[in-house]
Amino acid sequence: MKEIHIGLIGTGYIGRAHAIAYAQTPTVFPLKGKLIRDMVAEVNPQLAAERAQAFGFNRSTGDWRELVADPNIHVVDICSPNYLHKEMALEAIRHGKHVYSEKPLALTAADAREMVDAAKQAGVQTMVGFNYMKNPTASLAKEIISNGEIGEIVHFYGTHNEDYMADPLEPIHWHCFKNTAGLGALGDLAAHIVNMAQYLVSDISTVCGDLQTVVKSRPEQAGSSKMVEVENEDQASALIRFNNGAMGVIETSRIACGRKMGLTWVITGTKGTLSFTQERMAELKLYRHDAPANRQGFQTILVGPEHPDYAWFCGGAGHGIGFNDQKAVEVRDLINGIATNTPIWPDFEEGWKVSRILDAIALSHAEERWVKVSEIR
Amino acid sequence: MKEIHIGLIGTGYIGRAHAIAYAQTPTVFPLKGKLIRDMVAEVNPQLAAERAQAFGFNRSTGDWRELVADPNIHVVDICSPNYLHKEMALEAIRHGKHVYSEKPLALTAADAREMVDAAKQAGVQTMVGFNYMKNPTASLAKEIISNGEIGEIVHFYGTHNEDYMADPLEPIHWHCFKNTAGLGALGDLAAHIVNMAQYLVSDISTVCGDLQTVVKSRPEQAGSSKMVEVENEDQASALIRFNNGAMGVIETSRIACGRKMGLTWVITGTKGTLSFTQERMAELKLYRHDAPANRQGFQTILVGPEHPDYAWFCGGAGHGIGFNDQKAVEVRDLINGIATNTPIWPDFEEGWKVSRILDAIALSHAEERWVKVSEIR
Amino acid sequence: MKEIHIGLIGTGYIGRAHAIAYAQTPTVFPLKGKLIRDMVAEVNPQLAAERAQAFGFNRSTGDWRELVADPNIHVVDICSPNYLHKEMALEAIRHGKHVYSEKPLALTAADAREMVDAAKQAGVQTMVGFNYMKNPTASLAKEIISNGEIGEIVHFYGTHNEDYMADPLEPIHWHCFKNTAGLGALGDLAAHIVNMAQYLVSDISTVCGDLQTVVKSRPEQAGSSKMVEVENEDQASALIRFNNGAMGVIETSRIACGRKMGLTWVITGTKGTLSFTQERMAELKLYRHDAPANRQGFQTILVGPEHPDYAWFCGGAGHGIGFNDQKAVEVRDLINGIATNTPIWPDFEEGWKVSRILDAIALSHAEERWVKVSEIR
Amino acid sequence: MKEIHIGLIGTGYIGRAHAIAYAQTPTVFPLKGKLIRDMVAEVNPQLAAERAQAFGFNRSTGDWRELVADPNIHVVDICSPNYLHKEMALEAIRHGKHVYSEKPLALTAADAREMVDAAKQAGVQTMVGFNYMKNPTASLAKEIISNGEIGEIVHFYGTHNEDYMADPLEPIHWHCFKNTAGLGALGDLAAHIVNMAQYLVSDISTVCGDLQTVVKSRPEQAGSSKMVEVENEDQASALIRFNNGAMGVIETSRIACGRKMGLTWVITGTKGTLSFTQERMAELKLYRHDAPANRQGFQTILVGPEHPDYAWFCGGAGHGIGFNDQKAVEVRDLINGIATNTPIWPDFEEGWKVSRILDAIALSHAEERWVKVSEIR
């Protein structure tokens, strides 16, 4: 079986999640390639070495350029801050590596497009870490929709709300600046719910958005009295229209008190409704309007071995799956796609499609008008 | 104690709810006036007589004009289809009656304004049946917000979704025509959530709306193959901005499969969040962000005798309150306001304010632009 | 239509609920007799007069013996403390009155039996206020079970838990003494869940109970340092076996922190499960095991006009019903039963059956053994 | 760092869960020993080899006796059917291996005692796979209780209900026979909830149980008309008393329609209540009775990085943890305990304590009386 050597750049919160996925995936799934945890890159050699050992990787480096240039690396996995994604990906592509990048793919749709084009030209495979669509519960929703069990979709309401910046005294960080993060809650969080909307409904064609920076400045550091300006939005809402004619709303916030993983959606069809929140990631609520009038009601389906991918993790419904499990599905798709040279999804193209919707929402707000997604390139 | 004679026009679903409220309110609350169930008007004398007897009213008539002209009637209660509200109210006002009208107050904001002005000129009292704000749970929410327990409000998301027209073969009826209903889901349902938004947050200043008629035509009657055009929207969404700076979204639908009383809202503040659905009308969810980080979480408060108005109904929390109980609070406010000649709320002015927001949403959709509510008169 | 004159004894929390039911029932339901709110009895004439006026009754008295002897009264409604039920009911029966008593019927099964026998001999009708079984949601559960939708019942778990005595400094009151209350949580609360078990499953044949007084003494009054002994149980649990072969557990507590109306039950059958809590009295959860394995899950049914009795209150599901509404169903059954001289349910016989199960649980605990309900008379 | 070589016997559903835990644990946690996935034993060499490869183990064997005798193996992990636990464990202990066994430890408490004694004599470490107590949410509950946040515990209600045998036509299997499974639902499922009760409350002192075999015989195979007798209980209930004076109930069922992972408990204290269901394994409900009367209510705490062990898995609350993650905590405790030669918990002693409570419940049922746990040895 072909070996696939992974080079991981960045070992913060999300890099760690990737590492756990690399550790467990070969035991969970029968992979089509042999996953090798090869090299870790961090900001200095010491940290890189420490993390390589903790994460079960063979080698380490304090210079990511060394990693992307290493002839033994097949896949470059980018878990660095957003503003570095583009440079790292382009460099990796230049060396002919497959690239697996965290979301958002880039700070702007234009940057994302450049990355898509480079990958296509180089003939390398790509993947973006929109892991929530790899949740077996999301796959079950997709199956129910595809079966026509809720009829034609007429409405989508989705959010990605969290409260990590809810406290006005939470210090400023790179997520709050245009040159390091690009958009605010839209880029950091809404990317996921836009991806879900496109996955479960259809492509979004037009948007009309509203953005707001509620906390205008934040302490430079915890306890500091020096305040620094916040440059991007804390919350945003957008009316959306889909290619299939459905309408709806997407909202996002990083100051939504009480939402710890508020990726939620309600999809209404002509014959039923599905509803979901990632905070209860193993539950899907299904309503069928064609049930007898006196036996109608939302049903809570616990994801289990009868549903997509779940049986690889657990023997029974209700045992529960976690965040890292959906990352394992993602890594499985990555490895199998590369090993068999078949398309991986979601790829950079999907990352770009998400980015241009986010850009369209921001443009719509700036110009106070409806914007066609096709206006953005 | 002063007698207050009620004349009830219309005895359908909502007229019946008013009748139950008239029956129980004097026992539930110590009223400041003596409520007399005096006269019922219906489309013919037989039906009127039957309903008067069933509802415990003394007299009946097949002609509403007789009721509004009757010198013994003090309050005219309008529970007829929407398109009759204006004519009946103006005629009642002309006879110097106080008027209690179901929502929406009129088919357009302009009509509503005419009613407000007539009532002011005549010096009569008015009330609109936005009963959901009379729910003790809503009053509790208002109290929590006023206390500053969730800080400054930064976001509102509200819906009034139902599924009574979800089946495409549900026959056409007066709610679907412009000349009998005016707007569709917006007028029939969203009036309530707009009223709640204004009650709990502040006045709405600008809107940007999207409307859609999903089921373009419906059978003339059940089983009929003759299809009749639907003239107003099945669903609508709107971005909103409030005077206090908060932003948010309002949505409404009459085809939202599974929603039986989908009046829901989430109000996010700088220090906490409140969340509510009328389908669980006795529960309020409260999140406090200033709780210790390891003891944060939404708390479900069951409305009880420690909260506004509830103790008049039941001795203990968890006993539960129903739709008709909130109508009893409404009738108490009506009777007490008239008996003591003090302002009643929500009055026709509030009904007009709601109507113009609905009109602004519809205009915004027609012209594909943000609309200031003040553009509508 | 025959007039049925009500004489109400006791106007505390539950007497008030009866009064509200008398007020609204004739408007809610088309009754078969004309309900007359005739006389109120209280501990002194002033209070009686005040309450008669507040509750819309014609007459009042400071002496309940006057009420039960009054020739114009047809129904004596007993809402006094438990220890007075027996004396008042026997006296009312002696005067040939129909009797409507709150639960528990008496302090012991033996007393209850005496009341049953007296009523039978006198040929009067009786009713016990087990109002939770009048909730349309409970009627829906009964219908689902009777239809065989969940198969044969194999297990019942039920509670009636509240927290009104949870604070150890809550002062002593009559519920805590043997001579005024008889049993503690069992008599005050568990009576309801035992009644529900018998209603929804079948008669209980044997029990094995455990009782505990957690707070052994309480302040004589709020703030007092004088402590008075608590004479009956704060909490109790019992294994039960039903005549139909099913097994299960009943639990009760008056110190169950957080339970405001913790009347809950789960009924498991060979083909499905029903689950309910009175704190969400308009919701029934139904699980069907014969659904396809990948579409199984508990369904939340909102009680609505398609279900028993509900349509008389509201036009749509989700509008919600409250505690007083189930009392209205109870009063309807009372009035119709008397007006047409047909059996009323639950009658004193059912009250006695509940009492002897409670006595059997207490005996079982005292003797540390399983007890057949038939051992109690 | 010391190497700890694992020998895994059995690769069915639960052996697979162990394998996944072995794969991810070294990346999740900084372990104190080097975990080596060394050898897999299965019923034949081919299957063993296949699974060793799939699970990332170095070696394999078709004879478990070879594994337990192998000098390089330090820990024997027993994931075989229940009736083999004792023989395998004793043999492993005889070879001086540490033993990690799935629950129930043995078919009877007497067998379990023999295993405890053997391990003590041999001086080897032991662990039983009561993984649900390793859930960070359970650890949070323990912390809240230990802090006294809910006061003194007065009541425990716990279940472990599933529905894997609910269908009467589900074929017979080894769980249904005395000589292969011992007890039925009690042994297979209730072991977990008994362990939780002891962990969160205190040791159980006396029990009174009721057992029932609802489905008396089952098809020999799917579709077969030959019926085979079921030899142990489908469901059981028991009254329990704890050493600390608290009372309560434990129930279990393998035919509880709709329960997929119905490990649930409610713990009531003098100052508050905790409630949990494993089907929502990342949520803990907490009620504080000392909150102001108008702000009381159950709070839903989403387990997160502020709580025990969670931060090793995910960076934020609400991301979610799964069944395999609690197995990873278990494996961490195993490896660290062995590496540092410090006590591991839960050990065989705890497994024996659970077994004798289960035996006491069965004895209580057989003899229809309360049984002291100390009667069982």
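Going by the order they are written in, the chains are A, B, C and D; count residues from 1 in each one.
Methods note: contacts are C-beta pairs under 8 Å (C-beta built on N, C-alpha and C of every residue); 3 or more make two chains touch, one makes a residue touch a chain.
Treat the numbers as computed from the prediction; the structure is a model and nothing was measured.
**Q** Between A-B and B-D, which chain pair shares more contacting C-beta pairs?
**A** Per the contact counts, A-B leads.
**Q** Counting only C-alpha atoms to place each centre, which chain is farthest from chain C?
**A** The most distant chain relative to chain C turns out to be A.
**Q** On a C-alpha centroid basis, what's the spacing between chain B and chain C, in Å?
**A** About 35 Å, centre to centre.
**Q** Per the centroid of Cα atoms for each chain, what is the distance between chain A and chain B, given in Å?
**A** Measuring from centre to centre gives 41 Å for this pair.
**Q** So how far apart, in whole Å, are chain B and chain D when each is placed at the average of its C-alpha atoms?
**A** Computed from C-alpha means, the inter-chain centre distance equals 54 Å.
**Q** Which residues of chain B are in contact with two or more other chains?
**A** In chain B, residues 259, 296-298, 302, 304 touch at least two other chains, as defined above.
**Q** Given the complex with chain A, which residues does chain D contribute to the contact?
**A** Chain D residues touching chain A: 13-14, 16-17, 19-20, 22-24, 26-28, 30, 54-56, 162, 164, 259-262, 278-283, 302, 304, 313-325.
**Q** Over in the complex, which chain B residues touch chain A? Could you list them?
**A** 150, 154-155, 157, 163, 166-168, 208-210, 212, 214, 235, 237-239, 241, 247-249, 251, 253, 255-259, 268-273, 287, 289, 296-298, 368-370
**Q** How about chain B: which of its residues touch chain D in the complex?
**A** For chain B paired with chain D, touching residues are 140, 286, 293-302, 304, 306-307.
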